[in-house]
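Here you go, one structure.
The chains carry the letters A, B, C, D, E, F, G and H, assigned in the order they are written, with residues numbered from 1 in each.
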Amino acid sequence: MKSSDDIDNLGFARVDLGRKARQGFGEVVYGEGKTVGQIIAILKSLDSRGQRPALVTRLDADKAAIVADAFGGDFAYFADARLGRLGENRPSDGLGVIAVACGGTSDIPVAEEAALVAEALGNKVVRLFDVGVAGINRLLACEGELRSASVVVAVAGMEGALPSVIGGLVEAPVIAVPTSVGYGASFGGVAALLAMLNSCAAGVSVVNIDNGFGAGFLASRINHMGGRK
Amino acid sequence: MKSSDDIDNLGFARVDLGRKARQGFGEVVYGEGKTVGQIIAILKSLDSRGQRPALVTRLDADKAAIVADAFGGDFAYFADARLGRLGENRPSDGLGVIAVACGGTSDIPVAEEAALVAEALGNKVVRLFDVGVAGINRLLACEGELRSASVVVAVAGMEGALPSVIGGLVEAPVIAVPTSVGYGASFGGVAALLAMLNSCAAGVSVVNIDNGFGAGFLASRINHMGGRK
Amino acid sequence: MKSSDDIDNLGFARVDLGRKARQGFGEVVYGEGKTVGQIIAILKSLDSRGQRPALVTRLDADKAAIVADAFGGDFAYFADARLGRLGENRPSDGLGVIAVACGGTSDIPVAEEAALVAEALGNKVVRLFDVGVAGINRLLACEGELRSASVVVAVAGMEGALPSVIGGLVEAPVIAVPTSVGYGASFGGVAALLAMLNSCAAGVSVVNIDNGFGAGFLASRINHMGGRK
Amino acid sequence: MKSSDDIDNLGFARVDLGRKARQGFGEVVYGEGKTVGQIIAILKSLDSRGQRPALVTRLDADKAAIVADAFGGDFAYFADARLGRLGENRPSDGLGVIAVACGGTSDIPVAEEAALVAEALGNKVVRLFDVGVAGINRLLACEGELRSASVVVAVAGMEGALPSVIGGLVEAPVIAVPTSVGYGASFGGVAALLAMLNSCAAGVSVVNIDNGFGAGFLASRINHMGGRK
Amino acid sequence: MKSSDDIDNLGFARVDLGRKARQGFGEVVYGEGKTVGQIIAILKSLDSRGQRPALVTRLDADKAAIVADAFGGDFAYFADARLGRLGENRPSDGLGVIAVACGGTSDIPVAEEAALVAEALGNKVVRLFDVGVAGINRLLACEGELRSASVVVAVAGMEGALPSVIGGLVEAPVIAVPTSVGYGASFGGVAALLAMLNSCAAGVSVVNIDNGFGAGFLASRINHMGGRK
Amino acid sequence: MKSSDDIDNLGFARVDLGRKARQGFGEVVYGEGKTVGQIIAILKSLDSRGQRPALVTRLDADKAAIVADAFGGDFAYFADARLGRLGENRPSDGLGVIAVACGGTSDIPVAEEAALVAEALGNKVVRLFDVGVAGINRLLACEGELRSASVVVAVAGMEGALPSVIGGLVEAPVIAVPTSVGYGASFGGVAALLAMLNSCAAGVSVVNIDNGFGAGFLASRINHMGGRK
Amino acid sequence: MKSSDDIDNLGFARVDLGRKARQGFGEVVYGEGKTVGQIIAILKSLDSRGQRPALVTRLDADKAAIVADAFGGDFAYFADARLGRLGENRPSDGLGVIAVACGGTSDIPVAEEAALVAEALGNKVVRLFDVGVAGINRLLACEGELRSASVVVAVAGMEGALPSVIGGLVEAPVIAVPTSVGYGASFGGVAALLAMLNSCAAGVSVVNIDNGFGAGFLASRINHMGGRK
Amino acid sequence: MKSSDDIDNLGFARVDLGRKARQGFGEVVYGEGKTVGQIIAILKSLDSRGQRPALVTRLDADKAAIVADAFGGDFAYFADARLGRLGENRPSDGLGVIAVACGGTSDIPVAEEAALVAEALGNKVVRLFDVGVAGINRLLACEGELRSASVVVAVAGMEGALPSVIGGLVEAPVIAVPTSVGYGASFGGVAALLAMLNSCAAGVSVVNIDNGFGAGFLASRINHMGGRK
C-alpha cells in the first residue's frame, strides 16, 4: 500500500491522492452533503497533483455555479446529470464502444450521468434512449449497436426489465442501473432494483438505484481491461 | 341479493349456493387449511344443486386421493397444479382462445393451474411455455399465437418481465401472474410481483403470487364478455 | 412486427407510431419527469399521424397550461385527475357500461382518471363515488348499477376492501385500484394494494397504486372484446 | 403495587401470583418455547393459590398429553385452538354476549381460541363462522346476532376486510384479529393486519396476527366493564 | 339495515345519515384530501338532521378558519389535535373515567385528539402526559389514576413500550396508539406499532399510527357499554 | 426508587429531577416536536436544581436563537450537530480518551454530535474524520489513535463497514452509529444499520440511525466505569 | 499490525492467531455453516498457541458430541445456549458484576449464551430471568441487583421494552439483545430490535437478534475497562 | 436475430441452441424446480449440438446422481457448489486471472460455485478464502494476489463489507456476491446485499444473493474482453 504521504488531511476530509496511481483514476467527489467550500478545497487538493479530470457527482446547480467561479472555464457542469468536471475528458483510449441504453425519457438524467462519466474517463459512448421493453421493436431496431458494444449500461425504472432483454441479445457484460422513475409500488426504484438482481439473463450485474456514475465508472474499467493482460 | 335460502350452513362453512346464479359459477373450494372431511362436505353441498364442475385449489395429493375415493371416477386430480375437479369441463363456449404463457419450466405448475381452470370453465387454451425474455426470440416466435388470443395470461418468476413485453405486442388484456420461482432477492415472488405492478405496458393487471387459479378464472370471465352486451 | 419506419426517433424519445395499428390505441404520454418541450414534441409526433385523442397522464397544472397554449382549444386538461387530452373522446362504442366505484371522497382523483380515460377511449361510464365498505348499505344501494356493468373499476385506499365486496356481487371482471389515501400503516397505499392482491373474491385483478389510467385503459380493452370474436 | 411476596421465583420463571388480585385473572402461560416441565411447574404454582381456571396457549398436542397426565381429568386440551385449560370455565357472568365471527373455514382455529378463552373467563359466546366479505349476503344474514352482541371479535386472513364491514354495522366495540391464512402477498398475515389497522370504520382495534387469545381476553374485559362503574 | 333514504348523495360523498341511529354516533369527517367546500357540505348535511356534535379530523388550520366562518361560533377548532367540532360536547354520561396517557411531550397532539374526541362523545377524561417508561417512577406515581379508570388510552412513539407496562398494572382495557414521534429506525411509527402489537400484556389492542381519533372513539364505546346489558 | 418529589410536573412534561442523582446525569431534552416555550421551561426546571450542563438535541437553529436569548451567554449552540448546551462542559474526568471516527465528510454532523456530547459529559475526545473503508490506508494510518482510545465511536453511512474494520483492530468497545448518508438502496440509513448489526467483529454494538447523542452518551458512561469498581 | 506469521492458513480458514495479543481474546468460532472437521481443525490451531478458553457459538448438539470426542474432557457443551468451550473459564477478574436480565422464560437460551460467554471471559454474572415489563413489580424487585451491576445485558423478545425500563433505572451501560421469541408481527425479532434501537432511555446500545454471544463479549470488554486507564 | 430453427421445443422447455453462437456460451440449466427427466432432456438437446461443457446450477445431490448415470463419466458433480458439468472445462484462454475471495468459511459454497463456473468457461482462478474485514490483516496479506487479478469476485455474508475494502485496493472490476450466511437482522443476505449496493468504492457491481454462478459467468465475460476490441 502507498504510504500516508499520499493522504492530504483537510480535517473534514482526507483526500486520497494515491488513488490515481493505485487504481488508475483519482478520487471522485460525492457532492451531496458537502458544502461548496469543502468541494472546492478537495478539488484544489486533487488539482495540486494534476489529477484532472476530477469529477463531482450529485452536485446541485447552485453549488455548481460557485465552484465554476472558483475554477473559471476549467469547470464544466452538466445540469441534467448533476455532474461537474474539472479539466477535459481523457482522450478516448478504451478497447471499444460503451453503449448506454435507457428505457424511457424520464431515465435520461441517470443515463447521461453514466455516459458523461464514461466519456470523461476516455471511452467512446453510444446513446440509445427510450428503448423500453413495452415497445420491443424499438429495442430490436438497435440490436446492431448493442451487439457491437464492448460493454452495455442498461438504465431503467418501473419494472426494470431492460437489462434482462439486452442480456439475452449480447455477449458483452451488461451493467444494470435501476432508476427511481415510477410511482406507487415502484418504491423509489426498489421494484426495478429487484427485477435486475433477479435477471434470468447471465452476464448482468447491478449498481445502486440512480447510480449512473458507478455504472459509467465500472464500464470504463471493463473497457480498459486490455492493459492488464 | 338472493335470499339466505341459498346458504347451506355446515357450521364450519356456509356454502354460497346462490353464487352460480348470481355470478355464473359456483363456489371454488380453497383447499389449504381445510380437512378432507370439510372439503368433501362442501363438494357434496355444491353437488346437491348440480353445480358441476366444482373445483378445489391448493389440494395436496394425499387429500386428493381421499376425495377421489369419495366421488369415484367423477373426481379428477392434476398433481402439478394441485387442482381437483368434480365433474367434467364445461363445453368450450368463450369468445376466443386464451393464451397461457410462462417464462420458464419452473413456472409450469402455476401456468397449468391457470390453463386447467380456464378449460374447466369452458375456454379453449393455448399453452406457450418457456418463453422468458432473456431469450426474446423464443417469445417473438410465438407472436402470432399471442396476437390471435382474446386474453393472455402471462406467468413469470424472477424478474417478472414477461407481461411487459407481451403487453406491448398484443391488443388483448394481459393478466400477469408472478410466481415464487427464484431465490435470494426474489423474496418468494415479490420481485416479480412488483415488476408486474410497475409494468410500463398498458393493459396489464396483476393477481397474487402463484395465483394461477385467479388468473384462469378472470381470463374466463373476460372471454365470456359477449353475453353481457 | 411492424417495421422501424413506425418509430419516430426524437433523440430523447422514440415515439412508437405503429402502436395504434398494432394495439388499437396510440402511445400514451407519461407526463412525470418529462419537460414541457418533450411532451409537446411527442404529442406533435402522434398528431402528425392523426392519432387523436392522445393522452398525457400525471401532468401538472403548470405544464398543462403551456401545452394547452401550443395546441389551442384542442387540448383539454382535467385538474383533479391530472390528465391531458389532445382531441375529442372517441365515440362510445364499447360492449357495455364501465362502472367506476370508489370508497371515499379522497379517492375521487384516481377514480376520475380511470373514468376520463375510459371515456376518451370510447366507453360509457357510470360513476359510483363514496361507497366504502364501512357503510355497506351505501354500496348495496348501488347493486343494480354494479351488476349491469360489463366491467367494474373499484378504487379504494385505507383497507382496500371495496373490490372484495364488489367481486362477490357481480359477474363482470373487477379491476382493483389501490390509492395512497390514508396515513400511518397505510404506507402510501401498500395496505390497500396487499388487501386487493389477497382478495378472496374471484375475478379481481389489480393495478399499481393510484394507477387510475391503467385501470381505465384495461377496462376499455375488456369492454371492446367483441371485435376479437 | 403488591409486595414481592406475590412473586414465586422458580428460577426460569417468576410467577406473578398477585396478578389475579390486581387484574382480575391470573397469569396465562405462553406455551411456545417452554418445556413441559416448566409449564407444569408454573401451573402448579398458580394452582397452589387456587387460581383456576389457568390457561396455556400455543400448546402442542404432544406437550399437552404430558401436562394432562400430570393433572388428571382437571386439564382439558382443545387441539384446534392449541389451548390447554386447568380447571373449569368460570360461570358466565359478563354483561352480554360476545360474538366471534370469522371469514373462512381456515380461520376457525384462531376464532376458536378467542371463543374458548372468552368462555373460560365467564362469557357467553356466539360463533359466526365463514361469513367472509366476498359473499356479503352470508354476513348480512347474521346482522341480528352481530347487533345484539356486546363485543364482536372479527377474525380474518387474506384481505382482512371483515372487521371494516362489521364495524359499520354494529355499535359494539370490534376487536380485529388478522390470521396468517393466505399465501403469496399475504405475507403470513401482514396484508390482513394492515387492512385492519387502516379500517375506515370507527370502533375497531387490532391485536397481533393469529392472536385469538388476546382478542378473547380483551373481549372478556370489556364485557365485564359493569363492575368498574 | 336502514333504507337508502338515510343516504344523502352529494355526488362526491354519500352521507350516511342513518349511522347515528344505527351506531350511536353520526359520521365523522376525515378532513385530509377533502376540499373546504366538501367539508362544509357534509357538515351541513349532518346538521340538517341535528347530528351534533359533528367532528372533522385531520383538519388543517387554514381550512378550519374557513369552516368556522361558515358556521359562526358553533364551530370549535383545536389546533394541536387538528380537530374540528360543530356543536357542543355531549354531556358526560359514560360509565367511568377514561385515562389518556402519553410517553412524551411530542406525543401530546395525538393524545389530545383522543382526549377531545372522548370528551365530545360524553366522557370524563383524565390526562397523564409525559409518563414514558424510561423514567418509570413518573408512571408509577400515576398508578392510582390509571387503576381507577374504566378505559386507558396509551399513546407512545419511539419504542412504544408504555401500553405494555400499563397493561400489567390495570384491569381496564388498554387501547394502544403508536405515534410517528421518533427518527431513524422508528420508521414513522412502525417501531412503536410493532411493539404494541407484540405486547406481552394481555388486554391491549392497537389502532393505526397517530390515530388518536380512533382510540378516543373506541374508548367512548367501551365506556358506554352499560347500555347494552 | 426516588420519591415523586423529584418530578416537576409542568403539565406537558414531567421533568425527572432525580435522574442526575440516580443515573449520574440529568434529563436530556429531545428538541424535535417541542415548542420553544416547552424547551425553555424544561431547561429552567433543570437549572433550578443546578443540573448543568443541560443538553438539547435535534434543535433547529431558529429555536436555538430564541432559547439563547432566554439564557444569555450561558447557552451554546452547535449548528452542525443541531445541539444546544446550557452551562459549561464538565471537566474532563473519564478513564481515557474517546475516539470518534467517521467514514466520510457527509457523516460529520452526526460524528460531531457524538463528540460534543462526550465532551459535555467530561471526556477527552479525538476526532478521526473521513477514514472510510474504501480507502483503507486512511484508516490504518490512524491505527495508533484508535488502539489507544478507551472507547471508539464509529460513524458511517452507505455500506456502514467502518465499525467492522475498527472492531477487528482495537480492544476497546466500539459503538457503531449508522447515518442516513446515502441514496437509493441505503434507505435512509437502513443499509448501514443492518451492516452494523451484522458485524462479524466482536465487541460492536449499535445505536439508532443518526443517533450521535446516544453514542456519545454511552461512550461517556463506559469511559467513567472506574467509579463503579 | 501484527505480521502475517500470525495467520494460520488452513485453506478453508485463516485463523487469526494474533487476535489474542491484539485484542485480548482469541478468535471465536462461528459454528453455523462449518463442518465438524473444520471446527476441530480451527480449535486445534488455536490450542496450538495455548489460546484457551476457545469458544464455539451456534453449535448443534450432534456436532458438539463429535468435537467433544476429539478433545476429551477439555470440551464442555451447553445445550440451551448451543455454546461449546475448550478449556476452563478465565478466573473472574473484571471490574464488577455483569447482570444478565431477560423478559421471559423463552428468552433464556439467549440470555444463557450471554452469561456463559461473560463467565468464560472472566466475569462474575448475576442472572435475573423472567422480569418482563408486563409485570413491572418483578423487575422493580430486582432494582438493587441491577443498580449494583457494572454492566447490564437486557434480553427480550416480543415488544422488547425491557432495556428501556432498565435504562432508566441504572447508571451502568445497558446492552440490549432482541430475541426471536414471539409470533406474527414480531417478525422473528424485528419488533424487539426496532423497539430497542428506538429506546428513549440513554445509555442503551443494541446487538443483532439472538446474539447473546455478542452481548456477553462486549459486556466483558466494558467490565475490563480498568486496564486501559 | 437467429431464426427459430435454433429453438428446440421440448414442450416444457424451449432450448435456445443459438445462444452459443449469439453469446459465446450455450444455455445454462437452472436446476431448481426442474425434474431429473427435464434436466437430462435439456442436456441431451444441448449435447446434440456439441455444446460442451454444459452446466447445471442448484442441483441437488440426489438428482445429480441420476443425471450422472445418464451420461456416464462425462458428468461431474461438485457437491459444495451444487453444480453439475457435462464435459470438460474449456481450456484456459482468458486475458488474466480471476481472483475469488470470500469473507468466511461459511461463504465457501457460493465462492466455489463462482470459481468452478469461471474455470469451466476457460479462466484461471485463484481462491482467497476467509479474508473477512474483521481481521483486515488477513486481507491485506493477499493484496498482491488481488492487485494482479484482472477481475475480482468478492463473496461475503453478514455485513458484506469485503467488496468495499477490495474495491479500494484494486484497479480491476469487482463483482460483489452477497451470501445468505448470517442470522437475525441479516435477513437471509439482505444486509450484505444492501451494503454492497451502497459500496462507497467505485468499480463495484452486485449480483443476486448466493448467485455464485452469475458472478463467475460475468467474470469470465469480462476476462475475455480482448476478443471484442
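A few notes on this one:
We take it that a residue touches a chain if its C-beta (ideal position, glycine included) is under 8 Å from a C-beta of that chain, and two chains touch if they have at least 3 such contacts.
Model, not experiment: these values are computed from the prediction.
Steps from chain A to chain E, taking the shortest chain of touch contacts, total 2. Identification of common neighbours of chain D and chain E yields C, G. The chains that touch both chain E and chain F are G. Both copies, chain B and chain H, contribute mostly unmatched positions to the interface they share, with under half of the numbers common to the two. When chain B is laid over chain F using CA atoms, the rotation angle comes to 180 degrees (nearest 5).
Rounded to whole angstrom, the centroid-to-centroid distance between chain B and chain E, based on C-alpha atoms, equals 44 Å.
The centroid of the Cα atoms in chain A and the matching centroid in chain C are 36 Å apart. Chain A and chain H have Cα centroids separated by 25 Å. In chain D, 1, 19, 30, 104, 135-136, 140, 168-169, 184-186, 190, 193, 197-198, 200, 208-209 are the positions where the chain touches two or more neighbouring chains simultaneously. By the definition given earlier, chain contacts exist for A-B, A-C, A-F, A-H, B-C, B-D, B-H, C-D, C-E, D-E, D-G, E-F, E-G, F-G, F-H, G-H. The residues of chain C lying in touch with chain A in their complex are 1-2, 4, 6-7, 11-14, 16, 18-19, 27, 30, 32-34, 38, 58, 178, 180, 188-190, 193, 208-211.
For chain E in complex with chain F, the touching residues are 104-106, 108, 129-131, 135-138, 140-141, 181, 183-186. Residues of chain G touching chain F in their complex: 1, 19, 22-25, 28, 30, 95-96, 140, 143, 150, 168-173, 175, 193, 197-198, 200, 202-209, 213-215, 217-218, 221-223, 225-226, 228-229.
In the complex of the two chains, the chain C residues touching chain D come out as 103-104, 132-136, 140, 158-161, 164-165, 167-169, 182, 184-187, 190-192, 194-201.
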